[in-house]
Structures are given as structure tokens and as C-alpha cells.
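Below you'll find the structure, written out as C-alpha cells, and then a few comments.
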């Protein structure tokens, strides 16, 4: 039984993660709020993609909040539209227009602060996006961190392998200062699913294609928003082989931590200065510089069970 | 049949690597010069340790050259005496004094330049130390790189895991600018055995101890210079478990490339700016930012065959 | 006629600047709020020093707000207590206790956002401290900047001369990221009084001592909070000679821009990366890299008139 | 009576500085060597421009050496051909071809080391270019610095004002690591004429034009190589007003230190890390971080006497 706030920059994998979290309601999970932030696409598209996903799931009653429009210290970051489509959600066609009147007037950061104050010790914060909103909440409210129950972060590195720059992961690279603030100031239990965690847990192209064949509305939605992927692959851009859905992977681990085969607790920081490494997460693996772990890192996931979980989820009507 | 110049900061593993290289003379390998550089210990100790190793091997006729006394841009780097002993060679007792008159008067950098000019296309350069000497040779002689046959480098990272700082390997961290110059300017084939290559190829403590039981003069020398290791382990410093001898590993791969189970060719650079990552090697694994590989990286070695090679080497009289 | 919000880290010069601003009420100036931030001393002392100053001025009705307790990305910064006294206000003895119940419950950043929204185009923001509060307001409210009338900033450099590090000014050095956000995002007219502006406008020790001889309650307050200065000078710490009161200077220029002999409009940025220069302001003097000035910089002040203004101010009963 | 080695990247102002130094031979000054380095233009053009200048002065017997073809760590630096002409020497027409056989075969760095060893305590090193050669000499020979009599450096900053980047001076910006090595390792007396020193000592356009009217062969040479300047000014590039000839100014100060109105001795370093400030010189003006001055900085020159010196020099037949 979890009370969730989910911070997103809805792209394809955020959308699947949202559905996955929402889909756990029978198990008593409640999504209190979805907070949006600039990331994969601009904030306005993130909001629309989030509303679109909730509409599909018939959960438009979950409040959606508008957060930060840009990183603390913006540098040029290669966008993620090549991956998620120009609209961030596969450039699919939809029958109904977005109802942007559903967006709350309260700022996402204020909603985060208020909700955590209202439910001290109860809220699980799930961050699937650049950490700007979370950094601002931490900066504005000293009690924010200690009132959280736990945090699941999709982001960061464990092997200095970049997906958006030579050595940094997208969510951290877009707002490295925010990531640094979050790693430094969060005092509750923090679990991380990093980029390399996902790389080490890649689904084969064959298994992925089988997922696309499932005939349920949910699988249909997945297929629709994933359509850009085929263009991407045929474009011959240099990509890691196989399929992974980082935000969805993180959501699955959140509800079943046994999906992760190995966790390591350690102290992690973010490089803010490097010419090549800005935004890279650095970890003190042996505890030589700090004996105070601040994160529990999911090192690699059980691919077979991950695949089963995805298949089961998509097969449910 | 190789003509070698070996650049060292003789420590324990450099000493074993030197012996290993010298020991290939029956196969036609010739060591033309050993060039010394500040690193594990100060330059004067490096020179003495090198002479000591040659004396043990009865090869004091190999010319030893004095190179750079400090890195291009010195920052404080944690020394390596905790690892190699205060004298860099296990603080062992020796019966004979060092004969420092054997050190050549020519500067190591000049010797490098001269020898490579004298043997164009023939020399294999083996670097087991901070790359100061090599960077200076590249800087002073534009033909240096193209006249080399090949280079084997022990150093750098493939996973952003540090041994001397959060994310950098010792040889690169001591002189990051030199490492950057070398990766950027070397135009001949370059093979690298990195820190994580060695970590992934660790010998178990049990297997290591069996090596110490071998009864030959060579094994006796190895035992003597490795004596500090036991102190280190019992000091409860936070260390990676198991045994690895990075320079020796690199030397073994040089003479038997099949000891490496996987090579990846890629473009590698060195971070010079980072607060945490200064000296870290960063690799463009997918060739997204550069399609011109400059190094061939040994990813992991065959531990069983590595152990056999070490055992065979130590068992030879 | 100005509506002011003053952002302070009350030390000695903030206190005098506050008095100076409050003292312009006859000319129709209204101080809507004082927002406090960590800086010269910790936030709690800043709040007390601000209350203390208002109490002395019999203006405890001006609302005081609690802002950021720490910079966005905290690095070790040499404190300013050697300059302002351990309590930040000269370690003077006061007859009455601080009434901390006067501190507003609303967060300073929210008050900034709310007040600027309530008075669009009317508010003059005066920043005499690290810019954390202002950066957070800009980050949380996209309309904040365009709704401001003008901003006066005490901070930054024009000649790369540091007072707290080799090349950075205190307010910028304490929170360089905040300063960078502010210079980048403020779109209203911005005037800056920098550290070197103050250095070039230094009052002689003799003239300063005459200020201390004035016999009014105001001068008595000034004398009391300035008492630490004598200890500082006799401590033989290496200091720039003469007297300057940076925040007070900025307040005087705000109300009489003719006190500044030369203004230059240019594009200014903040160095966030440097080893020696982190927090230094850098200016594109000739407009070679940007032809869009974002600040009007007061280059040097009229010392004689500055002194007269101070003397007149202290002499008023 | 001085024995000079002059390190140049001959552009227009290096050429005048060379003539000025050579012109002091009656006073007993001897130019032992001219060492060339990549800078204003590529090394080959630097060599030709140097030979050309010596040929004009009928001093082709002074040995010219080929030094470093590129900086230690090359970053993109805006060239200086807009200033010095495409050939670095005003794109003038010359009657005689360059005789490149006059270039010595010994490398400039070796010549520097050899000559300083041959004349211990006697040599004045004048550096008018990026400091690559000097850094290499210092790195290769520990005795180099202590055997020098004195060094005059044209380069660096005193006010964080850039001419080639936001805050760095050309010679330092082209090879910041070399500049850092030089400031750190030189142990003999060092005088610096910085970019801002020259800015503060600017000659008016009117006075400059009078220099061009002088009718001597020397003035004719000056006019010829300065011809590009008029194009530059009419190109409306954003430039500091007035005329300055940095290398020539440094040469004049070398032979008449009273031309400088104020010297300050302090500890200076070079920023290697900054995003905006890489290559900027930073000075500890009050000796707060170091009480060991490593340079004597010429703060501003006597313009009137500078102009007279130039006029007198150009008027001599």
C-alpha cells in the first residue's frame, strides 16, 4: 500500500510507468499527484502527454501539476524527441483533444511541499525526469526530505556511460545541479534505477516484438506510443541494441524489489564541472571517501521476470 | 619478436612487468630502454627500484633513463606507498646497494625520441606509469607517434571507477594532461589495459597465496617485494577484494593477446576539468560523438589463463 | 517614490543600507518587505539582526521573511564573521531581546512572488546578499522578472578581484548558481554595485573616523555595530585599506544615481566551473560575444558626495 | 648589458619588439637566440615572419629556432590573423624571398635548455608568445629556472578582461597549461606586462598616426607591417579604442623599467578549469592565500614617455 507522487517529463517510458503505477490501485496504491517538469519535451507537451495518458487510463481525476519550465542552469542538451517522437509520445493520432483545463493552478513544487506536509512519513516519491521540481521543493522546505517515506529515482550512472553525453544519463544531464541537490539533501531511503542498470537489463528485440503483438487496449496504447521506435531504428542512429523502458523498469522495481538481482548502497554525487562529464553520477563504491551511503542502487534486474511482468501487465484488460 | 621501450614508475607491479618483458628474450624480445617517471614513488626511488629489478634479473646492461620529476600540472594525488611500500618495492631488505651510476645521463624524453627515430616503425612502447614522459616526447617531436609500431598502455577507466579518486585510475589521475595529450596525439595502434579491466580479472586470494608458495628465485623476488601487501590487507583500508597486478597483466596481454576475452575499439578522452572526475577516462562506446577509434581496449581477461601464465612464469628457474 | 523589497543577509552594511532605505520614507519610499537569506551569518542570526535593525529604527511593522537556509550548491565558503562580528552585527550589547515572533510565517520566496504579482511593474528589488531567494523566485514564477520595475544588486566583480576567494565577490561566491540564474533570467532594468566599484570608492580611514564622532542616535547605532572593525584592523589580517560599506553604498546609489560617476551597460555572466574563479562575474565589455547588455554597472562612485551623503544621513536625528 | 633569448609567435608587435631588442646592441645587449612557437599564426609563418624581421634588420646571423607546433592541450582559440593579417605580418609585399635554410635544426626547447646551461645566471628570457616552449624547457630541465637571470613575460591579466575570450589574454589563452607551468615553476625574478597594463597605456589614434608619418627605413617597415590595421578598424569589429603594441611595450619596459609607473609583486596563477575563464590569470593582490609573490606586475606605463620612446626608436636611421 503506497501513496505516490510521480514526477514526470512524459515521454513514452514515463507514460508506461504512469500506467503501471496507476494499475496497482487494487493493491491499495494511490497516486496523489503527478508533477510535470521540462525534460524529454517542453513542459507544455509534457503536461498534454500526461493528461493523454491519464485519459487513456480513465484516471483524469488524478491531479496533474505544472512544474519547472527549465533546468536551474540550462546548458544545451540534445533533446529526446528522436527517441520519443516530436510530441514526446510517439506522434500518434488521438481521437479526443487534450483538456488542459484539468491542469491544477497550484505550482507543482508547492503541491509537492503541501502534500508531503499533509502526509508526513507516508509518501513515496517517484522521479522519472530531470530533478528540477524536487530540488526546488528541497530548497524551499527543510522538512520536505524528512517527511518523505521513500524515493525511487530513475536516473544517473554507475559506469560513466552516457546516453545523452559521453558519460551522463539524460535526467541528470538536463539538470545536473538539481540532481546534485537531490542526492545531497534527501535524507529518506532512496532507491535508484540508473541508465546502466537498464542497459544491463535489456530485453531482446524479439521479446519486445512479442509484446507488441498482445491484443488488449493497454497493449494497443503501448504500440501506438512506441511507433516512433521503428523509425528510430531504421534511421541507423547509433543506439544500444535491444529494448529497455527505463521509467517503466523503475516503476516495476518499485512494486517488486525482488526484480532487482543486486543492490549496492553507497554514497553518490554528481559531477557539475567536467568538460565531458558534467552530469555524470560518481559513486564511492568502497566507501573510501564517505562511509555514509545516500542511495541504494539497483545494479541489474532479472530480465526474464521483468519481461514476464511487462507481458502480464500488457495482457490485463 | 619485439623491440621494447618500457616506461615505468617502478612499484611492485612494474617490477613484475619488467621481469616478464625481459623474460621474453628467448622469443626474440629486446628491451632497448627503460624510461622512468615520477608516479608510485618519487623519481629517485623509481630509478633505484628499476635498477634493483634489473640487477635481480642480471640485466643491468639494459639502459635506464631518468625522466620527468613531476606531472605537467601537479595536483595533490594520494600517493601509492600504502600499496607498494614506502620505497615502492615492498620495503624489502637487499644485500647489495643500488649502483646509481648506471643511470644514463641522457634524459628519458630524449632517449625516447632518439630511439624511436633510430628504429622507425619497429618499437613497441609499453607505458606502465603516469604518461608525462610520453606526452613530452609527443610534444617535442611530431614524428614520434608515426614512427612507433604500437603502444600498450596500462591506465585509464572504462566504468568511471576510481582507485585513487572517486572516478579516476592512478596513472591517469597523477598526470591527466599528459594522458590527454597521449590519447589525442598517438596515431599508431594503441592497446589499453584499464583499471576496471584488471578489476574484472581479479585473482582470488587463495590462488594468489599459492603463487607465493612457489620455490624459485623469481618467486622469491616476487614474495619479497609483495610483502607489504599483507600489512595493507590487515590495515583494514577499504580495498577491492582479491589480487591483481595491473602492470604485469598488461605485460602478459602484450605477449599473448588471446589472454583478453574481449577488445573494444573506441574513441577515448580524458576529463581534465571535473571536480570529482578529473583524470577519468571517458569513452564514446557507440561512436556517437566520434567515429574514429583511437584505442583498442582490453575489456576483461581470461582469469584462468592469466593465473596459469603467472604460475608458469614464477616457476621458471 | 519607490516600493521596495530588500533581500538581506544582515551584517553591518546591510543594517546601514536598511536604515538608509527606511529613512527615505519622507520622499515617498515604502519598504514592503524584507526577505532574509543565509550569507554573512546563518539565517537565524540574519533574521535577528534584521529585526534588531528595524527595532532600532522603530519600524518593526515592516514584515520580515525567512528565506533560504543555504545556497543551491553549497561549497565551503570562508564566513564573514571576521568582518561583521560573530553575530554579524558587531557583537554589540543590546538592551532589549529580539522578538522573533515578528518573523512572518510565509516563506520569503513566496512573499517575493506574491508581492511582485500584487504590484506589477511597481517594485524595486534591492539585493544585498547571496541571490538564493531571488533565483528561487525566478525559477518558480516565470512572470516574476517581467513584473519587477527594477533591480539593484550589490555583488559581483568588474576586475576579477576577490574578497572571499582569489577572484570572486562574497555574495556571488556564496551562491554562484543563484547569481548565474539571476543574471540570466532578470529581464527588467538591473543596476549593479560591484565589489570593485566599492574598492574604487573607498573612504579614507580619517574620514571614516569622523563619521564615528557624530552625536546622534543613528550615529550611535552605526558606531555600536561597527565596533568589531577595530579588532579586525588590529588583527593584522590582510585587508584592503580604507572604509567601504558595500550594501550602504548600493542603497545610496539607488536613491541618487548621480552618486555614480560612470555606468557601463554590458552582458555579464558568472563563472561556475573554475578552480580559482568559481563565482567570479565576467563581463563582455566590448559586446563581442553578446550585444544584449543585461546589467548597468556602476563603475565608480563620487567619493566626496558619498561621504557627504553618509555624514548627512548619520547627522539626522 | 643583457644576454637575451626571445620567444616569439611573430606577429606585428613581436616584430617591433624584436627590432627594439636588436636595436639595443650598442648598449651591449646581445640576442643569443630567437625561439619560435605556434600562436598568432601557425609555426611555419611565425618562423618566416621572424626571418623576415631579422633580414630587414640585417641581423640574419641571430639563430632562429623552431619550437612547439601546438599548445599542450589545444582548445579552439580564435586566431589573431584579423589583427596581424593573414600572414601575421600585415600581408605586406616583400622584395626578397624568405631563406628558411636559416632555421636551426636544433629544437627551440633544446636550444633554450642548452643556452641557459651555457650561460648560468646570465640570460634574460623575453616571452612574447604562448608559453609552450618555456613550459617544456622547465619540464625537461629542473635547473632551467634557477639558471635564468630574469624573465619578462608579455601576457596574462590583472583585471579579468579578455581580448580573445571573455576574460583571458591571447598568449595565456592559447596555452593555459603552459602559462600555469611557467608561473608555478619559474623561480627567478619575473616581470609581467599584461593585457590590461597595455590597455591602461593606450596611445591615441592621433599619436599613432604621427608615428606612421616618420620617414626612416625603420618607420617604413613599421608602416608596412601595420597596414592591416586600417582594414581592421574600418571592418567595425568591436575593438578597444586607440593603439597599443603589447610585445613592443614589454620590450621597452625591459630596457627602461622606469617606463612603468607602478609595479605590484604578488602571487599569480592561471585558471585552467573555467567555462568562461579558462586561461585567465588570477592574482592574490593582498597576499591572503599566498605570501610568496612569484611575479612583479607592471600595472600601467607612462604613456607620454612610451610614445617618446617609440618615436625616437622609429626616427633612428
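Per-chain numbering from 1; labels A, B, C and D assigned in written order.
In this section, contacts are C-beta pairs under 8 Å (C-beta built on N, C-alpha and C of every residue); 3 or more make two chains touch, one makes a residue touch a chain.
These figures come from a predicted structure and were not determined experimentally.
Trainee: Farthest chain from subunit C, comparing Cα centres?
Mentor: So the farthest one, by centre of C-alpha atoms, is B.
Trainee: Using Cα averages as centroids, what's the distance between subunit A and subunit B in whole Å?
Mentor: 42
Trainee: Go ahead and note the Å separation of the Cα centroids belonging to subunit B and subunit D.
Mentor: Distance between chain centres, rounded to whole Å: 40 Å.
Trainee: Suppose each chain is reduced to the average of its Cα coordinates; what separation in Å results between subunit A and subunit D?
Mentor: 55
Trainee: Please set out, as single numbers or ranges, the residues of subunit B touching at least two other chains.
Mentor: If we look for residues of subunit B contacting two or more partner chains, we find 272-273.
Trainee: Run through the chains and report each pair that touches.
Mentor: A-B, A-C, B-D, C-D
Trainee: Which subunit B residues qualify as touching subunit A in the complex?
Mentor: Residue positions touching the partner: 157-161, 166-167, 238-240, 269, 271-278, 280, 282-289.
Trainee: Would you pull the subunit D residues touching subunit B in the complex into a rising list?
Mentor: Going by the criterion above, the answer is residues 68-69, 72-73, 107, 109, 132, 135-136, 139-142, 177, 180-181, 272-273.
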